[in-house]
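In the two assemblies presented below, chain A is common to both, partnered first by chain B and then by chain C.
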Partner chain A sequence: MTTLTTTPIPTGHTPPRPGGLLRVVLRLHRTALVLWGLALLAATAGLMWLGALADEAERGNSACSTPPTDGLMSCAAVHAITADETYSTGIAFVTACLAWLMFPVAAWAGGALIGRELENGTARLAWTQSVTPTRWLTAKLAVPAALLTAGTTAVVLLGVWARGEDNPNLVGDWYYPDVFVGTGPTAVAYVLAGLALGALAGMLFGRALPAAGAALAGSLFLHNLLEAHRGDLWSTVTRDKSGWEIPRSAFQVSATQTRVTLHPQSHFWPIQYVESGILLAVAGMAVAGAFWALRRRTI
Partner chain B sequence: MTDIAIGAAGLSKAFGAWKRTMRARGHVDMRLRRGARPATTAPQRTTGLSQLDFRLPVGRICALVGPNGAGKSTLLALAAGLLRPSEGTVSVLGTTPAAARERLAYVAQDKPLHPHLTVAATLRLGRELNPRRWDHAVAERIVAEGELDPDAKIRTLSGGQRTRVALALALGKRPELLLLDEPMADLDPLARHQLTGTLMADAAEHGTTVVMSSHVVAELEGSCDHLLLLGAGRIRLAGPLEDLLAAHRLVTGRAKDSLAPHTVVESRTTGRQLTALIRPEGPTTPGWQATEPTLEELVLAHLRAPDAPALTLDDAQEAAV
Partner chain C sequence: MTAVTVRATATAPHSRGPRGLVWVMLRVHRSALLFWLMLVGLTAGALLWVYGPGADAAWAEYRDMGCGSGRPNLGCDFTGPAMGRYDDVLGVSGAVMYWVPLLTAAWAGGALIGRDMENGTARLAWVQSVSPARWLAAKLAVPAALLTAGMLTLTLLHRLAWTSDGKLHLTIGWRVWHDDTIFLANGSAATAYALLGLAVGALTGLLLPRALPALAVASLALVTLQNRIGELRPHLWPPDLVTATDDYPETAGLIVEGGALTRNGAHVPIPDCMGMPGCLTERDITGFYAYYHPAAHFWRLQLMETGIALALTAAAVLAASRLLKHRTGAAI
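Up next, the complex of A and B:
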């Protein structure tokens, strides 16, 4: 039998510091990190500027009279103000970006984060270092989840500030699909669901392009499904139409000749919570599925 | 048993949807559908394994030989803990492959590396992912010997240079068991010679067990002291190289002579002359020319005769003789 001296085996059971793995994840996805940083920077700068523009935009949207009377500006002066259009377009653009952020995130997670690593074998390279596949996937999900949550939350809060008085003429009604998603916690929940769906698609397909496509398709389905059924997420209020004008702030779900079913604006938060809950549940199941697929793939 | 580097007991691996059909046929030979290959190359043809039993003692340099698709890559991936056996067990360094993860290094056939990282960043990745074992000097020396620019991106490197970086990553980990899948395939003869030298010196110095797969036998001759010959997912030959060579004779005699009672691996008749590789079961016939085969002759004879009986020689058996 061979007797020999081998390198000393570390006997301690202290797990290796997680810092190394986290730094590796950040280093490997530096392009995505830089893009996310730039997007956040642009969104912050844009929203600060839009927020500063809010008062001027409000004036450009105010009532007027010709000739000017007490308290009302002349219509020529009001029309001369273009800030309201700039403001509306800017706010709508940032809100739409927030509402649709899930799609690029899902495609990136399926393609670049997981799928490509499985496709070109670099995942196996990581798993044969001192990193278990479980820790690898955990870090792969935790780092982007933390950065996406922090960044999205910041932009949503800043966006809510920049919306100022929430004048629906300028920033849209609360129940517009984009506005609803882009002004509450659902924005973050959608992004996390996109990340989780991407990870699941990546683990299932093991190749970048099909995984990115499947993640995108899954996200589109989820996004449209929830948008179509948003009115059903909380119990509605039904009112008699006669002698009552439906206020603009009511999210009208359905109507007959005499009766209307709607959500008053006070349902904004309950619906936000229910929708976020559904999305986080989907994200949780997708993550569980990704770990299941990982375990099926390796040991 | 901690002095066994790799032990397999009834180790089988079948792949995908063909599993049942193939098991019914008694052998497994199919494509790995989710192979770890770039999409630009042909799908990796990975063969399953059926009922492997062998033990590789610690400290050996083992040649893992077999024709294309014999299951070499599958066996190495099983030992590296990247695949789960369908049946049976594989133990590595006295424990499971997953528990031995820190103590083994594995270089896959296609040498996967992150193309957008530089050489230096790739080595830093090794240090970050192996915080308790990493020897940066070793890794840097192997890269420096190849005169690689540390700031060069991996995607700009040639196949041979990538191999060097992959080996640097593996040796920098200071493994007790080094699993190399076709390590030298992309290297020019000089680099092959030099890297083999580095590898062997390193293994000798630290008592590393090395398992190196290849279908080019000449690549392994002279550096290995243990042989594992696979064919169609089964073991054909396993054991210390010297013992395996000593157990065989390359004989030349007259065509009408009988080879009984010896086990004939392969025999060929040219005119009135008979050449055969046999496992002697007693004294050879007087008048025959009998020599010990070389590694290449041994392997080629077994490859040409897929139906020849398998032979496994353990150290334990050797001790008992």
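Up next, the complex of A and C:
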């Protein structure tokens, strides 16, 4: 990406073009860019390997009998397979990283992307050059947003592929907090909300460390709030418990002695859409707030 | 604390002694000081609530549900709202104490040392009357004192809340003494980790003299260290051995390693019998064993872990002062 944008620069020199601004953002935050690239590479390689391991893991988790009968493998052979544990740990790790990605992104956006530049005065220097403040903030938000969206989407899709048969014994149930966030569009929405909250905190505080702290605190609050109220994001199903065993795939919201309130697995997508919608609305408001704070700073 | 030191400097405005240095520390990092006081105050309040009204309400609800009478009652498998609140507040308080070391590392790497090095305010201080060694000593001693005081207070309150309602935990059965957060919050290790966070942050701040990279690296380093030591925890003291003939002794305590016993006493992995009759005898299994730590090992494990964390803290502080001496020449 960097090489693509560097090539057009020598051809034309004076007029400020979006390409130049893009190049400046990428160049200024090259450490973050390199780290993001390395993280994506590691995630891709890891998930490819885990995906290749999925069948073996499935065998290590299958039913067995001693002596082997009815086409079942012997228990000793099944126990000798350790791929299932490696696979479970690996998938859980990548999923947790996806679910928690919002926090480092928010801290980085508040601290390094916006806060440090305002604190050092390099933002003011840029504004007195040919870049208007609005275009400066737009580039600061658009470039990371595009890279984060593309990368996170790719990892989520690859992760869904690596989960294979979605055996809950191996990869966790769909309603586990990390699994829910890490297997759908909410993963991307969380990251974008983190970026927007970081930008807002950076514009409001104008200093790197307080902005990083505030962005992290805001993201933690938002993340925990949505996790606690995930069950309320779509209408639940209430059932009588007598004579009916609650299937494992049911996301139980509450239970009494006789009745249980739950989400069947078919509610995965509605809840994903509602949660993503809330997060994108929060992100939109935070971006609007950041532009408003920018206007107050530059008038 | 601020008020006391401010008065002291007011009487002797030209004093450049350690008091002035302490005052400078508290003044520069006043928002961190306020944040810390607020965090300790809120967590202490929450723990006192758990100890008093929270536990009372949970017990009252438990009795109203007709549980604890000795008769089996399926309804007691579900917890009411008061019990849930009690457990939530206790859990959040423990979690705050668990994450304090990470926050400390991030702050120490970023705001305490890294920013001063990046801005050049550290150099400015050194060319004034403060020598680099005294600068670092003040940077470490003042937060260390405040962290120790706050964390020890919280630990005592957590112990108070935890030990006074032991039966309540047994009834709910969600939290046990060797859970990560409970174990740390009930003993000296939480304080030791907070000090380790400070030392790791300071060392990182000196190594990477820029605020944000130091913040990130210090946080990562502390998380890694804390997890590694946590993995070692079961091996820090020789475990006891328990054997049972009927079933695997799962509830013995913190289990280090366990399995099945054959007739001649060999230790083998537990076969996957899934309750099939005769399956165990067929495999010559006469019982089960487990190496475990009973609750009585709590302080031994706690003190070993505290010792390791403090030794690492000392090593990091030593490395930081060596590094500073090396950087600034031998003029100290």
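We adopt the following convention: the second predicted complex is superposed on the first by the 282 of 299 C-alpha atoms of A that agree within 3 Å, B and C clash if a C-alpha of one lies under 4 Å from a C-alpha of the other, contacts with A are read in each partner's own complex, and residues count from 1 in each chain.
Here, a residue touches a chain if its C-beta (ideal position, glycine included) is under 8 Å from a C-beta of that chain, and two chains touch if they have at least 3 such contacts.
Here the structure is a predicted model, which means the values were calculated and not measured.
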Query raised in the report: Which partner does A:247 contact after superposing on A: first (chain B), second (chain C), both, neither?
Result: neither
Report task. Of the two partners chain B and chain C, indicate the one touching more residues belonging to chain A. Result -> B
Requested in this report: Figure out whether A:20 sits in contact with chain B (first) or chain C (second), or with both, or with neither.
Outcome: first
Query raised in the report: Just chain B (first), just chain C (second), both, or neither: which does A:126 touch?
Result: first
Query - Touched partner set for A:206, first chain B, second chain C, both or neither - result: first
Query raised in the report: Of the partners chain B and chain C, which touch A:28 in the superposed model: first, second, both, neither?
Result: first
Requested in this report: Have a look at where A:111 lands relative to chain B and chain C in the superposition and call it first, second, both or neither.
Outcome: second
Requested in this report: Could you tell me if A:64 is touching chain B, chain C, both of them or neither one (first, second, both, neither)?
Outcome: second
Report task. Would you sort A:298 into first (chain B), second (chain C), both or neither based on which partner it touches? Result -> first
Query raised in the report: Which positions of chain A sit in both the chain B and the chain C interface?
Result: 31
Query - Of chain A, residues touching chain C in the complex - result: 31, 64, 66, 75, 78-79, 104, 107, 111-112, 116, 208-210, 212, 255-257
Query raised in the report: Which residues, counting only chain C, touch chain A once they are in their complex?
Result: 31, 74-75, 78, 110-111, 115, 211-213, 215-216, 269, 271-272, 279
Query raised in the report: Okay, in this complex, where on chain B does chain A touch?
Result: 3, 34, 36-39, 57-60, 80-84, 96-98, 101-106, 108, 110, 112-117, 121, 125-133, 169, 173-174, 176, 206-208, 315
Query raised in the report: Given the complex with chain B, which residues does chain A contribute to the contact?
Result: 1-2, 4-7, 9-10, 16-17, 19-21, 23-24, 27-28, 31, 118-122, 124-132, 206-207, 297-299
